[in-house]
Structures are given as C-alpha cells and as structure tokens.
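Below is one structure, written out as structure tokens; comments come after it.
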Amino acid sequence: MERRAFYQNPVLPWLLLAPQLLLVLVFFYWPTSQALFWAFTLEQPWGGGNTWAGFNNFLYIFGDGRYWATVARSAFYAIAVSAISMCLALTLAMFVDRALKGTRMFQSVFVWPYAIAAPAAGVAFRFIFAPEAGLIGAVNEMWPGIWNPATNGFHALGMVIVCHAWLGIGYNFIFFLAALQMLPKSLSEAGAMDGARPYRRMLDIQLPLIAPTVFFLLIMNLISSFTDSFGLIDVMTEGGPINATEVMVYKLYVDGFKGLDYSGAAAQSIVLMLLVIALTFVQFRWVEKRVHYN
Amino acid sequence: QTKFEFWYGLSGDLSERIQEMCGTFNQSQADYEIVCVSQETYENNLQNTIAAFRADKQPTVTQISDGGTLDLMLSGAYVPVRQLMEENGYDIKWDDYFSGIASYYSTSSGELLSMPFNSSTAMFYYNSDALKAVGFEGAPQTWEQVEKIARDLKAAGYDCPVAFDPTGTWQWFEQFSAAHNQPIASNGNGFGGLDAVVQFNQGKFVDQLTWIKKMYDEGLFVAKSKAIGETANDAFVNAKCQMSSSSIADHGTFGKQAIEGMLWDVTMLPLWEGTERTNTLVGGASLWTLKGSTPDQYKGAAAFYAFLATPKQAEWWSTVTGYIPVTNSGFKAMTDKGFYSAAPYKGRELAIQSLTATPPTEYTRGVRLGNFGAIRLEVANAMQEVLFNNVPVQQALDAAAERSNAVLRKFEATYPGQTLP
Amino acid sequence: MIERSPLFDFITYATMILGMFLVLVPFWITIVAGSQNLQEVSQVPLNLWPSGHLVENIQTAWTRSDLGPKMINSLIVAVGVTTGKIILAALSAFAIVFFNFRARMICFWLIFITLMLPLEVRIVPTYSIAANALLPFQTILDVFGITGLIETLSGVRIGLEWNLLNSYTGLILPLVATATGTFLYRQFFMTIPDELVEASKMDGSGPIRFFLDVLLPLSRTNMLALATIMFVSSWNQYLWPLLITTDRKNFGTVVMQLKALIPAQNGTPDWNVTMAGALIIMLPPLLVVALMQRWFVRGLISRDK
Amino acid sequence: MTAITLSGVKKRYLKNPVVHGVDVTIESGEFVVILGPSGCGKSTLLRMIAGLEDITEGTIAIGDTVVNKLEPRERGCAMVFQNYALYPHMSVAQNIGYALKVAGMPRAQRDAKVMSVAKSVGLDPYLTRKPGELSGGQRQRVAMARAMVREPKVFLFDEPFSNLDAKLRVAMRAEVRNLHRSLGVTSVFVTHDQTEAMTLADRLIIMNQGIVEQVGKPSEVYHRPASLFVADFIGSPAMNLIKGQFDAIGNFLHGRGGMLHLPGAASIAAGRDVTLGVRPEAVRRVEAGTRGAIAAVVDYIEELGAARLVYADTDGNRIVLVDERTDALGTGMPIHFTLGENDLHLFDNADGKRIEMRADHRVPSLLNA
Amino acid sequence: MTAITLSGVKKRYLKNPVVHGVDVTIESGEFVVILGPSGCGKSTLLRMIAGLEDITEGTIAIGDTVVNKLEPRERGCAMVFQNYALYPHMSVAQNIGYALKVAGMPRAQRDAKVMSVAKSVGLDPYLTRKPGELSGGQRQRVAMARAMVREPKVFLFDEPFSNLDAKLRVAMRAEVRNLHRSLGVTSVFVTHDQTEAMTLADRLIIMNQGIVEQVGKPSEVYHRPASLFVADFIGSPAMNLIKGQFDAIGNFLHGRGGMLHLPGAASIAAGRDVTLGVRPEAVRRVEAGTRGAIAAVVDYIEELGAARLVYADTDGNRIVLVDERTDALGTGMPIHFTLGENDLHLFDNADGKRIEMRADHRVPSLLNA
C-alpha cells in the first residue's frame, strides 16, 4: 500500500540522508568504480601505475580452465550447501510448526547456528573432521587412510559444505517457520477436511504456498555461499588441497592479495558482482510475480 | 627519540629471537626506537607491506624473502641500502659479504639494494639414532642412500621414514635444482630479463618428482604440512619422522624442540649418484628500506643495519638461529673460535659449504622471476596433484609450467618497457 | 495440529530431537574438546564427555592468541557498528519513507543496491578506499580542476587524506555503510499508519518532533532487532578486519585469531586449546542471540521480506 | 441417517473450559444455525464436529457412528471456512477437485464431477482462474462447491459470509438456502449475525459463554426467548428490559417508583427479583389518557428513515420504542405508550430463566398506577 | 463564525479525478454527515478540510478565512481518525496532552486541562494507561478527548466507529451526539453506515463517485431521494425499483407485460424511460380483490423476528415487502399488495434524477391492469 502522508521540506531529507549516502558513495560506489577501472587495466601491485588492457583481463580469466573449474566448483558448492541446509531447516520447521508441547525449546536451539562466526564453526568442524583426531578421524583407525580432507579434495570440499550448511540452518529455519506460521491455519484444515494427510498437505498446500520463501531463501543461500564461504575456507582448508575448495570469492582474494594480481582479481570481482546482481534480480522478478496470490 | 617500524615474516621461535634483537637495539642506544611487527609469514609480510605501501602506511624497514626480490626491485618503492648507508655516514665493507648473497640482492651493476640479513639454504636433517638402528652410520649423501635407509626404516617398523612437505617447493624443488645445476627458468633463471620462461618441466626435477611419487606410494615419504595437521618440522622434532629437508634456519629451533634424548644431525642436500654438486641458493630474506619515511627514521634504519652488521650481533644471531653469518669475516671469526666444531652448532658450517660448493653458475645465482610466490604455488600444486591425485608427473609439471609462464607474461605486461636493474 | 495420533507426535519429537542433536553436536564437541587435556583430546576415538581442564585451556588460548585486547577490539567494533548503523539507518529510512521529494526513490535504490553486493565480492577495491577514505573527493576536485585552481590562487595544494587502515574507524565505517539497517527501518516505517503521521500533524508537530516523539519510541523493538543482527554480524566479521589490520597486535579482532589457534601453526596438535579458544570467541554473539531471540527473529524476517 | 448427536460435549484448552457441556441432537436434513456472541464457543463446537479439535469430554455421533476418535477425513463432513480457505495457488477447478484427487478418483471422472458441481453454482466460466482473480461472492461459491463435490453427509459452515459486504451477504444467504433445499444435507452453520441466523435456520442454537441458552425455531426464539440473555441478544433494537419486583397483588414495582399492574403474575413471581421484557415494536405510542397508557419523557430520537426510534425515560427506566408517526418530537417532550399484554416476557433475575406466563397470568391488562 | 464553505472543490490524484467539484456550506454549529459508498471521495473531502490533502481546485473557507494554503495546525480543526491513530507508546494523558505540549503550554496548565477533558469523557481513571490497555470504546473516547482538548473551531470525524462492535457503536453514537450538543462545535462526520448517518446528522451530504448527490435533512433524504442512487443507497431493505415507461394516458408498462395505472404521471413522464420506486414498508399486503391490488408470487421469505421480508415476483419484477402478518406463507404462493400513492418515487433513467410528482399527478390511485 502506498503511503500518502508525507512531509514536505526541501532541505531536511537531504540532511538526514547525507551521512548514509556519503558512506555508501565512499565505501561502495567508489570502490566499485575503482574495480571496474582496474578490471580494464593492468595495475602494478605497488601502485606505481597502470596500463590499459581492454578486455584482456576478462579474456584471460575466461580463457583459464582453472577459473572455470572454480566457477563450476562454486556452483556445486552453492547448490549443495543451499540444498542441504534448506532441506534440514524445512524439515525442522515443518515439525516445529505443529507446535507440540516443549517446541519452544527446540525452536530456540535451532536458531543458534546463526550466531556463530563462520571461521569459528570452521575451527570446530575442522576438529570434528580432522583425520588424526578422535571423531570422524576414528574411521581411520578401522580403515587407515580412508578419510583425509588434507589430501583428498572431495573430502575437503564435503567437509566445508557440511559446515556451511550447518551454519545456514538457523537462518533458513527462522524463515521457513515464519512462512509456515503465516499461512492461515484454515488452509491446512481445509486440506485435512479434503482428506489429505500431513505429507500430502505439505506437498500440495504448504510447499507451494511458501514457494516465495523457498525461492527467497534459495537466492539468499546461493549468495551467501558465494560470499560467506571466505572465512570458512580460509580457516578450514585455505582453498586446498590443490584448489579443491577454492571457490570464486576465495580465488579472487588469493589472486589479488597473495598473487598480487589486482587487475585479474578486479575482473573476477566484477564477474562475481554481476552474478550476485543477476541472482538478486531474478529474486525481485519473482517477488513481483508472487504478489498475484491474493 | 625517533620511532620507526620493522615488519618481518617470521613466527614462532624465530619471531621471539627477532623481538629479542629489537630489544637489544633499543637498549643499545637512545636515539631511536624500533618497533618490530611480525606478519607471520614471508608471503603475508610481502602482501601487507604492499597494501600498506599503497596506503602510505608502510614501515621503514621490511623483510622480504628471496622469492620476493624481483617484486621489490621493480616496485620503485625502496631506498637502496648502499645509498642509505652512505647518506647517513656509515661505511660498510660491502665486499666482505659472501658474493653469492650480495649478488642475489644487487643490481646487475653490482649495487646492493637491500640489507642481507637472515640467509640460509636448504639442508637435510636426519635422526641419527634411527639411522643407526637400521645400520646406517654417518650422513646420507645420495638419494639412493636415502631410499635404502627409508626402506630399512619402514621394514624396521618406522611409520614415517621421510617427512615430505608437499608445499615445500623451496627445498624440494628450487634447491634440488640448484644442487644439480638444473635451470628453473630460461634467461639464467630470469636474471637475463623479464621475458624468461620456466623450464622446470624439463630435466632432472621431473625424474626427482617421479621418484618422490614412488617413495610416497610406498609409504617411505609421508606428507606432512600445516594443512595435514602436522608440519614436517614438527614430525621430525617429535621423532615421528626420521628424515626431513628444511632450512638451516631451523637448526636452532630443532635444537630446542627435539624431544628429550633424541640424537639428530644435519647434512647437505643429498645428490643423485654420478652428479656433481653445484652451490645451492641463498635462502632466507633481506631487509628493504621503503620510501616514504622521514630522514630521522632513515637514520634510525641505517643505525639498525649498522647494529646488525656488528660482529657481536651477527654472531648472536647465527647462534640462536641457524642462519648463517653473511660476511666472510664473520664466518671466519666464528670458525676460528671453534663455534662449528662442537654440538649444538656443529653441522651449520655445512650450509656455507653447500652455498659455496662451486662458484655460482647461470642456474645457481638465484631466481629472479616476477611474482615468484605465485609460481611456487603452481609447483606446490603440481607436487600435490602428483602425490594425492595420481596425475602423471610430466602432465602436472607441464600444466604448472604453462600457468607459471602466464604469470610471468602478466608480470611483464604490468611493467611494460622496464628492464631489470 | 490436526492429526493427533501418538505415533505422529512421536515422529515429531524424534525429528526435533534429531535436529537438535545435529545443531548441538558442534557446540558439544567444542565444549568437550575444550575441557580435556592434550592426552584426552588426542585419544581416538574421542571421549564424548567433558573433562575438567576447561579453565586452564581457556587460559592457554587466551594468552597464546592474546585474546584480552582482541576481545576489547571486537567489542568496540561490534558496538561501534551497531550504534552507527542504528542511528544512520533510522535517519535515512525516515527521510526515504516520510518525505516526499523528487529523488526519493533514487536515493532508496542507491542505498538499496548496496544490499546486493556483500563486502566480500568487492573486497579488493574497497581495500584501497580504506587507505584514503577521502580519495573520491580528491579525485572529484582534481577532475574538475578545482585543486589546480586553488593551487594557483592560493599556492596551497589540497591533499585530502583520511587513512583508515589500522584504526577503529576503518574497522567500523565500511560495515556501517551497508544498507541492511536502512532497509529494516524502512520496512518498519512503512507499517506506521498514515493516520499517526496525520494525527501528529493535526497536533501541530513537525517532522523532527514526529521523529523524536513518535517514531523513535515506536522503533524500540526494531532497534533491538537490528542491534542483535548487527552485533552478531560485525562480531563475526573475518575478511574485512583481516585485510584492514596489518597491525594485528593492536587492532586485531578475536575472530581473526581463530586461524592462529589451529594446531600445526604452533607445534603440538593441542585441539583442546583451539576449541577452548573457539568456544570463548563464539560465545558473545551466541549469548546475544539467545537472549534477544524474540526481537531478532522478528528483525530478520522483516528485513528481507 | 445422518443426524448429529452431541452428548455432554465439553472442551477445555489447557485448564480453560470454553464449552461447558452441550447436549443437542441435530435432525437428519435439518439446517441448524449456531448463534452467539464472539468468543462463546461456536467455532469450537463446530470444529469438534469436523474433527479439527479434540473433544475433551462427551461424545459426538454422526449418523450412528461415534466419531470422537476419527480423523476429519473419515467423518464425511465438508466445511466452508470463514475466510473460505481456498488454496490460493490452485485454480478454481483444482480447488474444487482437490478432495477427489486426494481420494484417488481418476482424472476423467473427477473432471466431470467438478464440472457438474461448478455448473450448479454458476462457476463454470471461471474454472481456470485462481481464487485471487475472483470476486468475494465467487470465492464464496468456490468454497461451497468444494464442500459439495465430496457429497458429504454433513455441511459445516463457520461464518462463511463475514468477509462479504452487506448486499452480497443477502445474496449469498439465498444461495445457501437454495443449496440446502436442493441437496437436503444436514447442515450446521455458525454465525454471530442474528439476521443471518434468523433467515437461514430451521432451528437455532443460541450459545453464550460455552453454554447452550436455547434451541428452537427462529420465531420461537424471537417470541419466547428462554432466558434474559436470549431476550437481550436477539432483536434489534434490543428488547426493553426492566428490572423490578411483583408484590403480592401483582403490582410490578420498578425504577423510581414506577408501577405496573399485572395481577396474574402475582401467583408466579411475587416477591422475586424479576425482569420484565417487551420488544420495542410492541411498545405502542398512544394519546395521553388512553386506557393503560404509561407516561414517559423523550430522551432522544434516532431517525431511521422508515421509522424512528424514540428513547424515553419512564420513572427512571430507559424504554425504546419504534415510532412510525412523523409528528414533531424532541428531547424533553412527554409521550405515552401502552404495552401489548401478549408481548410481555418475564425473567427470573436469579438464574436469568424465563418465567412462563399463561394467558390467565396476563389478563387483566397492565395499568400504570 | 465557524461555518465551512466549500466552493468548487476538486481533487485529482495525478491525473485521476476523485472529487469533481463540491459546493456546500456547512452552517456554524451544525453537525453534518458525509455519507456514501466506499471510495466515493468522502475521506478525501474531509482531509482537504483538515489540510491533510492539497486542494486541486476551488476554495475552502473556515469561518471567514480561506484556508487553502494553511497548515493543518493553523486551521483550528481537530480530527478523530478511523483507527483512532492514538500514539501507542504514550499514556492516555500524554496522548490527550500532546498537542498542548507541542504548542508549548506549561506543564501545570496542560495537566489541568487534560484532566478536565478526560473527566468530561469519563477517562480520568485511565490516564496512566497505554492505548493498548484500553477497550475499543475507551480508545474511541481518548481520540475524542484528544480532539476536544485543543478547543477546536471544527471537529472532523473519519468513520470513527468503524472498528467498534455493533453495541458499542450505538453507545458511541449517543456520546458523540451529546458531545456535540454540549459543545456546539461545527462538526463534519464521514461514514458509509447509513444508520449512523441518519441518526447523527443535522444534515446529510450524500456522495457518489466524487459528486454530491443530495444535501438535506435525514428525513428529507429518506422520503424524497433526489436521485436513483440515493433512493437505492438509503434504506434497508433497499427501495423496490422498477424500470418501465409511461404511455400517453399514464399506464406504466414494466416487466413481462405488467401494467400500473397512474394517469397524472402522463403529463410529466410520458414516453420517457423511468424508474418507479417504492419502499418495502410502503408495499402493503392485502387480500385478493382489494381495490388496486396487484398480484405476485412468493419467491422466498426471510424471517426477521419482528416481521418478515417477503420477496415476490410480479410480472417478472422482484418486489420486497415488509410483512408483519404471521400467516403461513411459502415459496410459490400467491399474494396481493397495494402501493400507497404517497410513497411513490419516480426517476428519470437518463440522468437518474428524481421526477417530482405533485399530489395531482398521483391521484387517481394505481391499478393493476
């Protein structure tokens, strides 16, 4: 609903907005334009100067098999993390939504992972998954060498994915539960009167109706797994072994700061930004569409 | 009192030694206060120094490892050490420095750009008790011997005959190549110009890696690294692994950390039978003076360098760490005192022997490649591909070479028209 | 709840308990390992019951990673970001929602777009701005020739510089700049009925009074929500502090220290110390969330919908 | 066959009783409306029949089966919800056919059935639309079609019209009535709107705070309310209720010395605190001096168009009357009225129950003393 | 002194006109109700008076001042909003006193004033409560107290009762009326509830789609609706409206050959498409054979308690009548009725305007041909 009660004042709104706009300009628009500039030049690491490079930086990364491998890995990572995390959270939310006695306690606990810093969780999971330590590592006692994320890329990637998915449970859970609770109870009841059992109702009624939330979360999870993965990977694997856990954001960090290739990293930033913007855009289109129910 | 900063890339025990040294300097005079900041690793320090330099917040002095030398040389961000000392009225006998060390940090015309500080080379450490236990006396000299010992150890129930750090390109790749006079890159490992291409995918290193792979598959080499949860050094001092290759710099640390009663020793890198030893490369790092400090701070830096160069200080440094003395006179003085003839310092002279085994050849002067850190990563990747993912050696090294060359070309393009100083 | 069969209830509880187990395992392991001594923690398989060394492990971790000053830094940053954001966001959202001016939607989008691009993806260029936050203005002056003009006129060369590296400002400001808060406030302000604005107009109060007398008091719960979210997210920042503080000793935050706690950086595989360290580092935001759960859940949800 | 029998039905939420024990039998084919103020437990009762709420105590039988333990789908009831509860993501046809689909009816058969039901409520042109694209009345019809398609034994309605505007409500009322006429299915309809209740019901169940106050035909309830509550609740403007006491000879003393004479009542109510009730339309304005006329002073007047409501004070009691005259009348003016003896109701204040007056109780007529 | 004069007042949102030009004068001290269906522009008009909306065209004067350019606070109006718009975080006292505080009145004086106003509406026991802790009626009273405290020259009400339940609404109506009586302040009250409008207004302004359809006293509007819209809108059940045509001799032809005879109408309406209107309570059921009786067949019946509504078909037109008899009557049964000639209304279909019938137009009475 459009608001119709406004204040009129030629100066005041600008004064109110000024601090935020300044910050955004300085810390967002300027760097972004800078990145664009670098992406089209070769920037000397020590800031001594740069030369125009046209699209070479982009051509370079697009011509680089390892970059594509990273993109593919990021996509897999994003999808796996989102799928695992969302499925778990949805299952929990569905049951919590039944509001049996004592549910509140569970509900609180399910939110906790949200509070945990990714690197902190990373450290904990690294211990849990450490091949030489006593939890998952215990399988190595029975079958020596079967589990080793330090040398096996799949193990490493799996470990990071599990950790990231765990981190997302809290956030996803909150949204699913809220969405479920916002559905009129009478819809489920109507479903029950129509003879559908709980599982059927979930598939036929609840899921389609919370589809906007599912979709919203999917996008948020994808974006988060493109971006938040940094701290996790840095603490758990540093992108290794042999780049097996190097995702886009980590690669651009490594290339830029460790590899001193500011321009290549800037080009990668631009690609990643476009990707995130595209996802957000899709999200908005959907938001527009979903207004159609009622 | 003038304050100035010194950033360095060492951590752990070595970092504590540096802090101690800074303390001594601050005590020794009243005009300057040096603030020494650890950036954990050489890579980190280079990275942070660059970042700080771009932000105009750089320290006066920074420690850059051998691999970062060319990055600094082309940066235009430094004050040459020779000029600095002259301007501040210090008279240093530059030709007293080991020529191999000095030439690594000098322009082609021989001007020393950075202050040699902690110099090292790669060595081979072994657990004498263990070797004795399988009937081997003395130091292993050849890789053939290492292989045999390893087999015997394995047979005798030792889980980890040789600790192999798959990210340790410096000792396992660069120094191996130098000792066997193998090129790392064309143009004399890059000394001849920015258009060099890497050559490690040809020659002996290919065979060496093939051999390492074989040893690894047989469980004779065991991968040890930070990522794996235990570094090769830790595995060695804890007597879990019986042989290891590492910098002479660690000699001091090993002395402190080796478990009670463990007998160990150090020797030059083994060679393949039938090959002639050439000198190994200078490792460690040198101190660079960065532009953008005040004249007083430069005075302080100069005073600091002069302090480092005093025989007393140099001797202390070489005593508490494993780093070698960097001047002829220093080395002579210590040898004369009998420093190297007894434990716990015995063996360190071998490092100098290794460094000076022959006059530097085209391939043993050093490595002068742009963004060498990125190339090291490529080689480390290749080694891991071979070990963990069973990628054929040649294929892995070819791929690494291709990527390394791309790095070099990009570096060349970033500094168009520039030549090596 | 329609089906009331005990079997279904049982399944419900079973699933929730399983879920709780899933969620709690990492916490439990952290506590267990953090409370054991080196020998216990090195056992394979691990004894899943806490032992008595928690305090001493925490002490070790505390001194090894120098957590004391780092905790204070983290707290300064988290509180700084939280307050900064609450204030700025309230002001800007107020302007966007309650004023009718031409550039209203443009301003909204200018701010809103920043939501889409987390710091991580534009980290490289953002770093350079931290070196000199006034660079954009200098560039603007340069480009329009104002610098030159003033230099010729007065002989003074304008050199705008504001370095944020290794400073609390640098740690805080870029995080304050993001739009989450503005968006959350906007969502909330939109729910304020028009009539409330009109009633206050009829009562004779202007925009500032309305903001202070009506809007702020009504936003209390939203502020709590935003505060929780911001506290957690700024406490948990990793990459940005990592980049912007070369002086870790004085400006490092606790989360950055996590990596340094991991064994293999320090010799023995003393996971017990690592976990004890991790435990204290994850505790503050966890406490905040647990205590503020009600508010913050509401905040989260209204933020993104 | 499909009568509904409620015996001793109680409902508690946690410790909180909201339905206190209901015994009612709803005849097969009957249209029963449950009427009562908000929160009195109407929906709860209905939902217990539907199987959407547990029955705390007592039994509910549909036909011959006690359904206490049956799931909603097993009870053969269909329900129309207050907000329709249409599935917003399904088309009209899918909404109507969902129950059949769940029951596993083959597609072709299902489509035919949906079509025929949709036709019967005039929805066939809208089968592919989503509920969001329908008007309120059309949505209402979808909800009914959805209930009809399963050919249930019982229809349940929970305030199905409360979201409709006044005109549409009247129209939908007619549709529900027609539906019931043509299908003859036992129906229970919940509402708090008395017009709706009166016009739809075969029988009314009046509830108040979890208790059934009266069960009866609409006219019965209107003309012979069983309790003070019902008397006050039914009818608009509400019945005039005057508290007072009968003396031994049948004088009704009320307010500030007001007195009516109703000798017959002496025998049934003497000495008890009672309330005398009379509907506003049974209060007839008369000329001063008319036999039995009672005097009052006008408080204020509400103009309704067709008539006006006169609020007047008689001996300290407020009385409302429906006045169809159009003479000038204003605050403070005196008027006179009589009460028709057949329109009088008497309630015992102690328990609120109606005190039945037989004809001989009423005669002779009222007198203002 | 504080009459309100609207001259040619128009309102457009963007290009969209919503008020089309209103000319009305509201007398000083008068209570005027603006009545009309949802979306017709009532609130917009009121808000233009309050100063909450710009006036696109025309002028509004309060007293002698044209207020077009004045801020709300300068107009001397107080407003009671539909949802009360109480400040939820302030106590009752703070809510009431806020305007005084903004105006800078000293604390002591303000408190005294708040107290006295609160007393006058019976809010004094609740001064420290928050609005959330009050009942609907109490909130309503706070809103009124807040308006009163400023001693405004004009009271504006925008559907102030629409959130209240039926009983409370009736009570609040009386309060507003009393308030107006005692303060005598010019008041404008917006509603779409006709009972509310009829019972409160000194004069009604009936609006439809941005146009004023009629201004007049409630009884005038009921008994002499100025247009078809007003005729249909006012009154419940709605007026029976029958489309047809008069021939030259005054026969009214309608539906499937229905015919009424109304000779006088020939002179004013012959040949035009007209609508004949008659209120349901003016349709009197009579015995078959009564003079002028018209036959019809019962469609259905709605029982209201006091009376019943009979929906019947006469020659294809639906007619509703209020029937107070209680004889058995059912669908399909024949009935007869007459129309009182004084209760007939005639409208021109072309412009919807009333066609005035003088007495001589009506006589002789209607006949079913």
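Lettered A, B, C, D and E in written order, each chain numbered from 1.
We take it that a contact is a pair of C-beta atoms (placed from the backbone, for glycine too) under 8 Å apart; a residue touches a chain by one contact, two chains touch by 3 or more.
All values derive from a computational prediction rather than experimental measurement.
Asks: Suppose you hop from chain B to any chain it touches, then on again the same way; how many hops at least until you reach chain D?
Replies: The fewest touching-chain steps linking chain B to chain D number 2.
Asks: Among the remaining chains, which ones contact both chain A and chain B?
Replies: C
Asks: Please indicate which chain is farthest from chain D, where distance is taken between mean Cα coordinates of the chains.
Replies: Looking at centroid distances, B is the chain farthest away.
Asks: Using each chain's Cα centroid, which is most distant from the centroid of chain E?
Replies: The most remote chain is B.
Asks: Specify the chain pair with the maximum number of C-beta contact pairs.
Replies: A-C
Asks: Could you put a whole-Å number on the gap between the CA centroids of chain D and chain E?
Replies: So the centroids are 28 Å from each other.
Asks: As a quick test, compute the distance in whole Å between the mean CA positions of chain B and chain E.
Replies: Between these chains, centre-to-centre, one finds 95 Å.
Asks: Between chain C and chain E, what distance separates the C-alpha centroids? Give it in angstrom.
Replies: 56
Asks: What parts of chain E, by residue number, touch at least two of the other chains?
Replies: Correct list: 52.
Asks: Which residue numbers or ranges of chain A touch two or more of the other chains?
Replies: 5, 130, 132-133, 189, 192, 197, 257
Asks: At least two partner chains per residue is the criterion; list those residues in chain C.
Replies: If we look for residues of chain C contacting two or more partner chains, we find 2-3, 128, 195, 198, 201, 243, 269.
Asks: Using the touch rule from the top, collect the residues of chain A that touch chain C in their complex.
Replies: 3-10, 12-14, 16-17, 19-21, 23-28, 30-32, 34-35, 38, 88, 91-92, 95-96, 98-100, 103, 106, 108-128, 130, 132-135, 137-138, 140-141, 166, 169-171, 174-175, 178, 188-189, 192, 197-198, 216, 220, 223, 226-228, 230-231, 234-235, 249, 252-253, 256-257, 262, 265-266, 269, 272-273, 276-277, 280
Asks: Quick check on the complex: what are the chain B residues that touch chain A?
Replies: 43, 47, 50-51, 53-54, 71, 75-77, 223, 225, 227-230, 371, 373-374, 377, 381, 384-385, 387-389, 403, 406-407, 410, 413-416
Asks: Using the touch definition from the top, list the residues of chain C that touch chain B in their complex.
Replies: Residue list for chain C touching chain B: 127-128, 130-132, 161, 163, 165-166, 243, 246-247, 249, 260, 263-269.
Asks: Note which residues of chain A are touching chain B in the complex, please.
Replies: 42-48, 51, 53, 60, 64, 66, 130-133, 148, 150-153, 237-238, 240-243, 257-261, 263-264
Asks: Taking the touch rule as given, give the residues of chain D at its contact with chain E in the complex, in rising order.
Replies: Touch list, chain D to chain E: 38, 166, 173-174, 177, 194-195, 198-199, 218-219, 222-223, 234-236, 279, 281, 300, 302-307, 309, 326.
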